[in-house]
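Supplied in structure tokens, the structure appears directly below.
Chains: A, B, C and D, in written order; residue numbering restarts at 1 for each.
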Amino acid sequence: MTDTAEFPPDDDNGHESGPTGWLTPEDLASVRAQLPLVYVDAVPVRVDDSGDVVAVGLLLRASPLGNMTRALVTGRVLYHERVRDALLRHIEKDLGPVALPRVPASPQPFTVAEYFPTPGITPFHDPRQHAISLAYVVPVTGDCRPQQNALDLAWLTPEEACSDTVQAEMVNGQGALVRQAMAHVGRLD
Amino acid sequence: MTDTAEFPPDDDNGHESGPTGWLTPEDLASVRAQLPLVYVDAVPVRVDDSGDVVAVGLLLRASPLGNMTRALVTGRVLYHERVRDALLRHIEKDLGPVALPRVPASPQPFTVAEYFPTPGITPFHDPRQHAISLAYVVPVTGDCRPQQNALDLAWLTPEEACSDTVQAEMVNGQGALVRQAMAHVGRLD
Amino acid sequence: MTDTAEFPPDDDNGHESGPTGWLTPEDLASVRAQLPLVYVDAVPVRVDDSGDVVAVGLLLRASPLGNMTRALVTGRVLYHERVRDALLRHIEKDLGPVALPRVPASPQPFTVAEYFPTPGITPFHDPRQHAISLAYVVPVTGDCRPQQNALDLAWLTPEEACSDTVQAEMVNGQGALVRQAMAHVGRLD
Amino acid sequence: MTDTAEFPPDDDNGHESGPTGWLTPEDLASVRAQLPLVYVDAVPVRVDDSGDVVAVGLLLRASPLGNMTRALVTGRVLYHERVRDALLRHIEKDLGPVALPRVPASPQPFTVAEYFPTPGITPFHDPRQHAISLAYVVPVTGDCRPQQNALDLAWLTPEEACSDTVQAEMVNGQGALVRQAMAHVGRLD
């Protein structure tokens, strides 16, 4: 989970408090030590006319230590928010307002990524919290412009995205999630 | 399976023989008594901006006995044809060339419908043959015009499509397949 | 969601406080108004030697108003608990220690049931909270004995479980979830 | 597809002719050039008490050229045979009569592997034919004894089965299928 953009704010209003499911940073910190949080992970892809995946979109970010890392679109599901609306909100947050995502018709995720604060229980790790993330492959057809703290969005072939080089640039298990996504769409050789 | 349009011909050239996977009617009749055939079933849907299914498209056809029946898009997978290309071909065959289907990125069908020549083994039945059909929900975004032997294409809400009235107008288990599709997209109440 | 047994306590020790993810009732009440909670729903089934579902297990419970209702196995995922361990814990809680459940190998649920405190947004409703529930079909092979506040466990055929009579005895959308589960296993006619 | 054991015979009686869907070798050769055939691929696994995959079973075979190759359980679906019965039959054929397989309750495969006679269209290749294979992960709990032309059955960890060394010992894309299976069960790092 690399949504460092989320804390502070991931909403349009620039704050995390308010009447509809927003927590103060203090409350959220407290809850994070006591409950698993619900997340979504979106793997943005380009598809050809037959629906076959031809490219995977990965965000390029600078880590707090100054390293470059690649990341998926990810973020929390809010109180009283549908999973598909959370997907749309986070894709717009990260890829801009004209990415034109096609959220799948089925709520069935291709996998559930369990990010534990303790490494090694699953391939996924999040030092801040226990997050249970519903993961979807989401074709986007519009113009994608990285927002907020992302430096760039790179479109890679499935083979490139699964290569050791790119995998080494992903953290907290998101590399494994990209490979699981490519397996799901039949593009993991 | 109501693809009566397929025999005789379902291809653009108007015949089923030739070098690339077409069989003569005699050969096909012989094979049908000996092997399961591979089919695809497509459930055409309209989705809203969040990907939620708002309507299901059903073809209206006249049966050989003159009854009106409703049907899905269905047909055979040909030799050396990808499953996703078979989906595109049959959707174009039944809904016309500008239906603009979005074939899913994943080859994983929502179910496998096993149509047996003997009724009662599964919910699916095909008196002509043993067909194993990969079933997909396919959003279509363009203008759909029923082709060939279909009289009309009706867009129904998920609730209408699953109602007893509409179910009674479907044959060979395709009503069950519509309900399974709506269950898959979270629209079966 | 009818896990009235969970509040107060759903653990073996009879309390919800402690060092590993348990909340006080007050804290939980507060969190419930601010965050979606992660749940699991298990549809217990009997399968034959070929894996085909032959029966569905539904718990019989008395509602606070004295009505009889039928329910699935359901409950919260705790902090630092794997989804599959939550499934095992809740199945043992409701069906007893020798039910011998076979939790699926894949973390992919057959659907995600979104229980909103507001009715009508999805087929699922929970007046107490916003719960996002990962739903799995779980074959059980052992001896099932209803525990705690369940009066009985009844094994119904898929057809019976999907019938209008039984559906009317289920609340908060769990009837729809049973039908979606039967659709997933090819047993919704 | 490495079911070289299938031609000649893959049935218990040692012949491919007869009244229920068996073809003569000549007929089958003819059909193979004209139609896609329906296959199943089973990835045999050992699971722990929580359903988590701990080992993958791969058959060791000698190729016609004398090389050692590793293979999955695979084979054709016969006329009037259910997919789940084909899975059971091929598992018994390859792993013996007391493997005690647990065929999944849902007919939804984790993927559809399209084996083309032409390499490069998909990751899967079968020089003999166009086979469309429904792929399932099947936990087996009994004693597995390789049958017929398999020399051994080796249980590997998911990591070992996905390693470059083992992948190099698999042919026709079955290595990719093992990796896709491990992705599906959350065990592809």
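The criterion applied here is as follows: a contact is a pair of C-beta atoms (placed from the backbone, for glycine too) under 8 Å apart; a residue touches a chain by one contact, two chains touch by 3 or more.
It should be emphasised that the depicted structure is a prediction, and the values quoted were computed from it without experimental measurement.
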{"item": "Set of chains adjacent to subunit C and to subunit D", "value": "A, B"}
{"item": "Contact-richer chain pair [A-D vs A-C]", "value": "A-C"}
{"item": "Distance from the mean Cα position of subunit D to that of subunit A, given in whole angstrom", "value": "34"}
{"item": "Euclidean distance of C-alpha centroids - subunit A vs subunit C, Å", "value": "28"}
{"item": "Residue list for subunit B, restricted to those that touch at least two other chains", "value": "82, 106-108, 110-112, 122, 184, 186"}
{"item": "For the subunit A and subunit D complex, residues of the former touching the latter", "value": "111-112, 122-123, 176, 179-180, 183-184, 186, 188-189"}
{"item": "Complex interface listing, subunit C residues touching subunit D", "value": "45, 47, 49-53, 82, 84-85, 88, 102-108, 110, 137, 139, 184-186"}
{"item": "Sites on subunit A touched by subunit C in the complex", "value": "21-23, 27, 31, 33-38, 77-83, 106-112, 114, 116-118, 121-122, 130, 132, 134"}
